[in-house]
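Labels for the chains are A, B, C, D and E, by order of writing; each one numbers its residues from 1.
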Amino acid sequence: MADRKRVTGPEKSVVPLLEPGSLSAFTFDPEKRKDGRNIDRIRPVFMKTGVVRQANGSAYLEAGKLKVACGVYGPRQTARSKISSRGILNCDFKFSPFSGGRRRAYIKDSQEKEYSLVLRQALAPAVRLDLLPKSTVDVFVQVLESDGSAACLAAAITCAALALADAGIEMLDAVAACAVGYFDSTICLDPTDEEETYQSGSLVLSYMPSLNEVTHVIQSGEIGTTTTIKALELCVDACAQIQSVMQQTLAATIKEKINGA
Amino acid sequence: MTQRTRPDKRHSPNEMRPFYCSSALLSRADGSVRFKSGDSAVMCSVFGPMEVKLRDEKLDKAVVEVIFKTAAGMTTTKERMYERIIRQTLEASILSGLHPRTSIRVTLQVLTDDGGILSTALNAATLALVDAGIPLRSLAASVTCMIDDTGELLLDPTAIELERSASVHTFAFDNVSEGTLANMSTGLFTVDEYMRCYETCRLAAVSVQQLFRTSSEGKVRREYG
Amino acid sequence: MDDSTPASVQNGMDVDTPPSVTSTPAVFSLDSETFKKIHPTEYHRRFLSQGVRPDGRTLSRFRKAKITVGAITTAHGSAMARLGETTVVCGIKAEITEPKTGAPRDGFIVPNFDLPPLCSPQFKPGPPSELSQSISEYINRVLESSKLLNLSDLCIEEGRAVWVLYADIVCLNYEGNAMDAAMLALVAALKHVRLPTATFYEADNAVRVKEQRTIPLKLSRTPISVTFGVFDGQFILADPDIEEEPHLSSQLTVIIEQNGGLCGMLKPGGSALGQETLTSCLEAARTRATHILGILEGALAER
Amino acid sequence: MAKKGKKALEVRDLPPGEEAASSTTKTLVIPGDHIPIKIENSTGPARVRVGPGLHQEQGELVAVKAGILQQGSQNRWWVEGTQKRYVPALGESVLGIIASKHGEFYRVDIGAAHPASLPVLAFEGATKRNRPNLEVGSLIYARVSLANKDMEPELDCIDPATGKAGGFGELKDGFMVRCSLGMARRLLDPRSPILLRLAEAFKFETAVGMNGRVWVNAETTPHIITVARAIQVADGAAAGDVMRRVEQVLRTLDDFMDNS
Amino acid sequence: MNDIVTPGQRLAHAGDYKVSSGTYQKDDFIYASVVGISQILPPEKEGESPIITVTRHKEFNPIPDVGSIVTGRIIRVNQFSATMTIMVVGTAPCKENFQGVIRVQDVRATERDKVQIYKSFRPGDVVRAEVVSLGDARSYYLSTAKNELGVIFAQSMAGYTMIPVSWEEMICPKTKVVEHRKCAKPES
């Protein structure tokens, strides 16, 4: 059924095919990644807090072409008659219609629903919900441009953790997340969309570097245990790098405020 | 000057279509009206002041809800925009502060659409509010006009005429204020054309106001002799 | 940071203390923040009656506009527009579809404006608000009725294949005046669109395109949206912000071109507006449109 | 409860000043019309009292409803319209239906925007130990004891003049009909031709609520139905046509009685 | 050690300090739980460990707690209680309001059985109150049973801001009509 709450176009449309021959040849070679990275390297990441003024906390994350924004609202009074001594963490993950290969509809699809759930599972263990009775914290993630679905999920988790910290919500640690792709026996950190089409599996790790605790792991594909362990080790190192960028970003905000005042 | 006869046999570009209204058709509603302007007709019912949903409740005034349905019963973005314009226009008229924490619901059902449906709906809503005895600061009367591809201004155009429009202008005026309560104009037009449309619609709105008075009079006289 | 208000004006006005707060008949003198929270309309009224707005702007002053194009590589055209801190991103994606039988050469343009819950606490998750639906619809009407695009330019093969342009406008930071920001991002993104050369192949009933995107859209004009707020039926506020919006008695949007030609007017109800006020708003809108067009051209040239 | 037999005029007294419009010419007003009456500085007996349908705006009197401008005694002005939705006013008698029971009060539907509350102690002779026992769905005749736009309306079942029930309380048996607010007001007029005509034909009792509800009881069901029908057909009929329609209803009753 | 710290940052060994707001203890260490400036405060009592705390870098969305003084507007009244929307906690305006309720027994400290809600609060009144408990699922329970608590701003029926004339009465400056309220005593 057509979405009547939006301006509707034609019933069906398709992404055009590329002319044969015009397709620039691409084959995945772990030694020669298109953007020049080594396989154990993440994309350089840029972060910023306080991008949404009306939110209690917010963050923007850019890694290569990947662009994610997150707003945190709350703690706000929990709606309806749900009384709880612990707070509630709601997470909402949304791709912008123009963020990927084909135009996405506004109504949440199964991938967005799944990612919303993962987001909450990955963040909730770190958030001190025991200190927020009767309250709800809402986390909204909006992807502006995606480049690698696993990497996008990881970026969303990191960005949301940063926004939660910016909102002043008490946390055990700033959760950082990163993704790897499996290419036969090769493990490659932070794969792009193009690279993902060649992978045989993937893993996303959400991790609290300071406490050395994992909050969430999601893996797909037929992967041996030793390879998985190796991938986890790679991710743990990458998460520590990501967290240090988070810490610098948060500290810079305070310094700016102190200097500004 | 050569006068073209308009598709619906009107002789002047400045002529409104004949309009009628009949009220108190729906016995369950607190007020109801059928308003017809040429072949555009809208049925409007008003409920309230009545109990309001807690989450919509306003501390200091009544909440005005407007529901606009096409003949086919559809509600698309177009109807939502109409609902917003009509609601905010009525809000300027309704003395909502007299009924805090209540709701006034205005339901508009298009019966037939032959152009100028937003104006027809607004006029129906105003009359239905009067019928329901909702306290009103003023009465909003709406008129639509267009400028055709030759630059001629046509008052109250029909659907066929609208096909040749370069721009379409809907205005609402009340019987107490200087100026317009609501306006939606689309198409390509100049400031001069816009001001001409404003003035033409303002004058035409006076005749709609006259209808408001005679129809209220008819109804009250009938009941009270 | 992005506020174009000269620092002197901003500092000269003691923003923390609304004028004559202490002269309230109330026995309790409330601190400024509490007063603003509890009596917001009165808070604004006291500023406006002195010819200044709480953010330091004069009544006729617009916020600083900023445009960047081309940030979204997954879109065929994209732009980010900022009005003060209101930030919207428009991404235009082109896909292939069949034309309507009545108009075999005409393509489609489908604009939608979204106010996701991310951008402000006033928008909840779920179906789009009445405000975003109304803005989407009005923008759609303006595009259609002003013939901004010749839809037959989007024809690939008559009766078989045409382009459909999905113009999705997403608000990331809502600080008021969604309409102007949305229109600006949309027009900038349309000007940034580059389509690939497309060919229809009868054999497999499919369209194939070159990888390079080179063909710009031909826009007949550059409509600029300029919105005014009306406070108490008498103060006209250029480019109202999020703190002013809930207290306005009416709003007026003018869609105007540089030469003063109009593509739309929208006053969705509220307090009455006289002819003289309309005339002065049209004047101010024209000046503003000229200014915005300069910024837009600069942004497109920078690309 | 007191029996209010035979005639409607025995039901209750009319509020002062509403006996009849003293003006003979009927002026029709619509919202936005200015009423050329000076209200500034009017004090004492000449003070203008503003009733429903009129609003004071910057020292001027403006109509906010469509209807006939009426002047009552004590210089009271109001607009007589055709409203159906009841807005509670202090001292008015209403018919209500018990919607729910709470510890200290009942919640009563009186057809207004908000349900009214009726304290259990607001009955003649009621004490903490001796409280009335009304069931959900019971029909009551009550007086509006608190009406304010900021608060839920409150009712009581005591006549303030006597401290007695005075006809207020539960209405058992009988039948309730709805009518317009204007009709209810006209039925409360002791000279109401409709009820006078019906009273000529047979005995019945009524309780008229200003909220557009009328309770009717008589010896037999056909008689109850006749009164109810007469009120309904008269409501909304053209002024000149009311009595003809009432006669028609009475004839139907005669036919029915003859046949049975 | 006034350092900028971020959540999860290890601040000290567990035994050395007493944990306070913005910090937590896990196993052998004390960590920061918010972004802010870490501070060591002298012990509350002699012989105790000094206190470690992290002060948030920006205004936190205030949440009412037991004992908080809150300011807000009355939205509804009935015989048993007045419902209030809490708009300010302490001196911090809430980004999003909370709901509180003043029950009839919590209006004033004396002669509680004689309190009538209608004579204490009207919708639209601005009231200062104290949070007495987290209340039920919907509302915080509030009390105005102190001199400095109660109505601080009210409009008369005629629409003018009234002036308090006693603990129980306010007067309309225009119409001179006296209305009943539970007034707060203005701070001198």
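Note that a residue touches a chain if its C-beta (ideal position, glycine included) is under 8 Å from a C-beta of that chain, and two chains touch if they have at least 3 such contacts.
Computed from a predicted model, the values in this text were never measured in an experiment.
Contact with chain A and chain D alike is made by B, E.
Should one ask which of A-E and D-E has more C-beta pairs in contact, the pair is A-E.
Chain centres here are means of the Cα atoms, and by that rule the chain farthest away from chain C is D. Between chain C and chain E the centroid-to-centroid distance comes to 40 Å (mean Cα coordinates, whole Å). Chain geometry summary: the mean Cα position of chain A and that of chain B are 49 Å apart. One inter-chain figure worth recording: chain A and chain C are separated by 29 Å, centre to centre, where each centre is the mean of the chain's CA atoms. In terms of their C-alpha centroids, the spacing between chain B and chain D amounts to 34 Å. Residue positions 73, 95-96, 123-124 of chain E each touch two or more of the other chains. Counting partners per residue, chain D has 150 as the residues that reach two or more other chains. Shared interface positions of chain B, defined as residues touching 2 or more other chains, are 77, 80, 100-101, 174.
Per the contact rule defined earlier, chains pair up in contact as A-B, A-C, A-E, B-C, B-D, B-E, C-E, D-E. Note for the complex: chain B touches chain E at residues 57, 59-60, 100-101.
In the complex of the two chains, the chain E residues touching chain D come out as 77-79, 118, 122-124.
For chain C in complex with chain B, the touching residues are 130-131, 133-134, 136-138, 140-142, 144-147, 249-250, 260-275, 277-279, 282. Contact residues on chain A toward chain E in their complex (touch as defined above): 54, 56, 73-77, 80-83, 126, 128, 132-135, 165-174, 208-211, 243, 246-247, 250-251, 253-255, 257.
By the touch criterion stated above, chain E contacts chain A in their complex at residues 4, 6-10, 22, 24, 26, 31, 33-37, 56-58, 60-61, 63, 95-96, 98-99, 134, 136-138.
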